[in-house]
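Each remark here refers to the structure printed beneath this line.
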Amino acid sequence: MASLLFLLVASFGIVLALRVLARWTAVSASPFEVEPWLSGHPPTEHALSRYHARWYTASVVFLAFDVEMLFMYPWAIVVGHLGPGAVVEMFGFLLMLLLAVAWARREGAFRWA
Amino acid sequence: MNLSLVDVGFWLCAVVSVVAGALVFYVDSMARATYALAVSFVAVGVALLLMGQAYMGVIVILMMVMEMAVMAVYMVMFMGMNPALMPMSMVHSHRSSIAAGVGTFLLLGAGAVLVPWPTRRGAPTGDVTSALGEAIMESHMIVMIAMGPVMVATIVAGVVLSSHRTRYDRLGDDLDRRPADDPQPGGVGR
Amino acid sequence: MTLETVLLVASALIAVGVYGALSQQVVVMVMMGLELMINGVILAAGGLWWFLAPDPSGQVLLLVVIAAMTVEMAMGFAVATLLHRQAGHDMTDMAAELHG
Amino acid sequence: MADSLPLVYVVPVMVGLAVVSLSVAGLSSALEARDRGLSVGSGLTLPLRETARLMRQRPRRTVSADRLLWRSASSAVIPLAVLIVAFVPLGAHALVDHPLGLVWINALDVVAWAVMWLLGWGVNSVTGLVGGYRFLALALGYELPLMFALTAPAIAAGSLNLAEISATQDGLWFVVWTPVAFVAYCWGVLGFSVRPPMDPGAGSDVNGGILAELAAVDRLLVLAGRYALLVAGSAAAVPLFLGGGAGPLLPGWGWVLIKTILVSGLLVLAGRRLPTLRPDKLLELGWVVVLPLVVAQDLVVSVIAVATN
């Protein structure tokens, strides 16, 4: 853990050093404030008000499905010596989920809607 | 009082998690609120790491960062106004909520301090993760078995609630329209 | 780091969560409050495991808490989407009409 | 974690990551230059010249950008890559030799979700935000196959420690009998490093998407960080699928380096050959074709693991 912490600090330190260095090397350190590029149109609304994600249903399916990873990793390291029972149990579980995914697909959960 | 590195780390995590948690309801920006909650979760994950639960710590960080990334989208899309540009207060019954919060803290905190906790029995096994793997496959198999239907039910209920077009809208009344009629083409079978 | 301090921090997290869940108007913000409460529960359960009974059962319990939280999020998002669609004047519907 | 490499090794590892990332960037721009009929040499040196240009450029910011989140995101890409590399064993040991190295790598690649979306959000530009949403939509497609692909070596080795996983592949690399997992993993690496063909989030049709409005040192950190993430992901593939430091003559770290360069070079080449994969096309493909294939791969691996135990 200590070395992980050290690396975290060191890598952010490098980033910070680059930022400080850029203040010296740049033609001017004061940021140039611009409007976002919109082919010359002036922005009239905030950026987020013009777009809507179309994959809400897919994200719900994703959140439900990814719970399975909680069980998958501890299972992965013991399946070798637990034997066929563990394989059957986990893949039965996954098959059930994949059937739910197939059902969700028929409902159009993975299409833009 | 001798303070070990673990103690320092824990107090750091404690402060970060509570402050970030409070910021969720203080900051004006929806993205900042969501990512403050993510920081709070990461701090709790690190605290779990310090308490000898490596797998739980990492998996909390993994799951929560992922979920907060999705959460941010919902925050931005469904808040219905634009607090990134204008500060907002979307709070009701502010005083009673604060009272409830303080009351909760006093009650739980008093319990934490006053309950005569038993001493630790047993010691952690050498490899907590593989012990966990064996537990969910053998002694606590019922958890896995129960979780399967729960997740299937979540997928089904979630899809039913969140999609506004059903299979009949897509595939026709006899479910035989191919390719399906979707607002935007894509995916498999197109 | 003792059991008492861990539980105190967990109570603080739960208390902030209670405040948020009660005071917020928007569904997604209420969910954030609930999640903060579950965050406290995760920390408390982890502390109890470590300081009282470090056997695998406690870890399985933690897994269930995390799983419950994820399920809560999925259902919360689904309900939020439903409410938003029912409102009838949201961007999603407008976008769908444009495609018509 | 007593087996972690001493901290002095941080310096060579970071320098190595920087040099390999620069070389991969050079390869990419040299191929680009060749396709445009320019001299290959000018392409090879382009990353260095770009670095100098961006360090010289005046910083820019957009009106009412969320500067805290934008700066945090552009600062986090390179540290993310460094942390992934920290878990990769260079021979017998890694900088951070954690029993759950594999889960850590998964957790770190998920942090890319947050970072890339914040890059798009912070700028307060519609093209940036669209890029962020595209990235997330793509992530919903590639992440589960990536997770199951990561599980395959763990099942085969019965461990989540990367050094143990690479030591188990004595003689027979996992890539030989887990090819589907390897491909799904590489697909995920291209996804979280936002490299072609998984780069609609940074596509030119949305004015650079998450890269829109980034200038000067901010842009340098993100562009360099994308290559560093690609290299870090390729480096993690080495202990997972390619036998780690196994190889004749050279020491372990030498082989890890060579294999990393080969994998990241191949990923750059593949990116130039394939069309950009759009999230609306890919989401369903990822869920109903790739995901079951990777699960089937895991089934094969676990049956073999049970049979040989």
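Chains here go by letter, A, B, C and D, matching the order in which they are written, and residues are numbered from 1 within each.
We take it that a contact is a pair of C-beta atoms (placed from the backbone, for glycine too) under 8 Å apart; a residue touches a chain by one contact, two chains touch by 3 or more.
Keep in mind it's a predicted model, so treat the numbers as computed, not measured.
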Exercise. Looking at B-D and A-D, which one has the bigger number of contacting C-beta pairs?
Worked result: A-D
Problem set entry | Closest chain to global C-alpha mean, per-chain Cα centroids | A
Problem set entry | Averaged-CA centre spacing for the pair chain D and chain B, given as whole angstrom | 26
For this session: Express in whole angstrom the distance between the two chain centres, defined as the mean CA positions of chain A and chain D.
Result: 13
Seminar exercise, completed: Distance in whole angstrom between the CA centres of chain A and chain B is 14
Problem set entry | Distance between chain centroids, defined by C-alpha means - chain C, chain D (Å) | 30
For this session: Would you please write down the residue numbers of chain B that are in contact with two or more other chains?
Result: 55, 59, 62-63, 66-67, 70, 73-74, 76-77, 84-85, 129, 132, 134, 136, 147, 151, 154-155, 158-162, 164, 183-184, 186-187
For this session: Send over the residues of chain A in touch with two or more other chains.
Result: 1, 46, 48, 52-54, 56-57, 59-67, 69-71, 73, 76-79, 82, 86, 90, 101, 110-113
Problem set entry | Junction residues of chain D, two or more chains touched | 98, 100, 103, 106, 124, 133, 136, 143, 160, 280, 283-284, 288
Exercise. What topology does the chain contact graph adopt: line, ring, star, complete, or other?
Worked result: other
Problem set entry | Interchain pairs in contact, sorted by label | A-B, A-C, A-D, B-C, B-D
Problem set entry | Partner chain B, residues of chain D touching it in the complex | 64, 66, 68-69, 98-100, 103-104, 106-107, 110-111, 113-114, 117-118, 121-122, 124, 133, 136, 139, 143, 160, 278, 280-281, 283-285, 288-289
Seminar exercise, completed: In the complex, chain B touches chain A at residues 5, 49, 55, 59, 62-63, 66-67, 70, 73-74, 76-77, 82, 84-85, 129-130, 132-134, 136-138, 141, 144-145, 147-149, 151-152, 154-156, 158-167, 169-171, 180, 182-184, 186-187
Problem set entry | Residue ranges of chain B in contact with chain D within the complex | 29, 31-32, 35, 38, 54-55, 58-59, 61-62, 65-66, 68-70, 72-73, 76, 84-85, 127, 129, 184, 186-188
Seminar exercise, completed: Touching chain A in the complex, chain C uses residues 63, 66-67, 70-71, 73-74, 77-78, 81, 90-92, 95-96
Exercise. Which residues of chain C touch chain B in the complex?
Worked result: 1, 3-20, 22-29, 31-33, 35-36, 39, 42-43, 46-47, 49-57, 59-60, 62-64, 66-67, 70-71, 73-75, 77-82, 84-85, 91-92, 96, 99
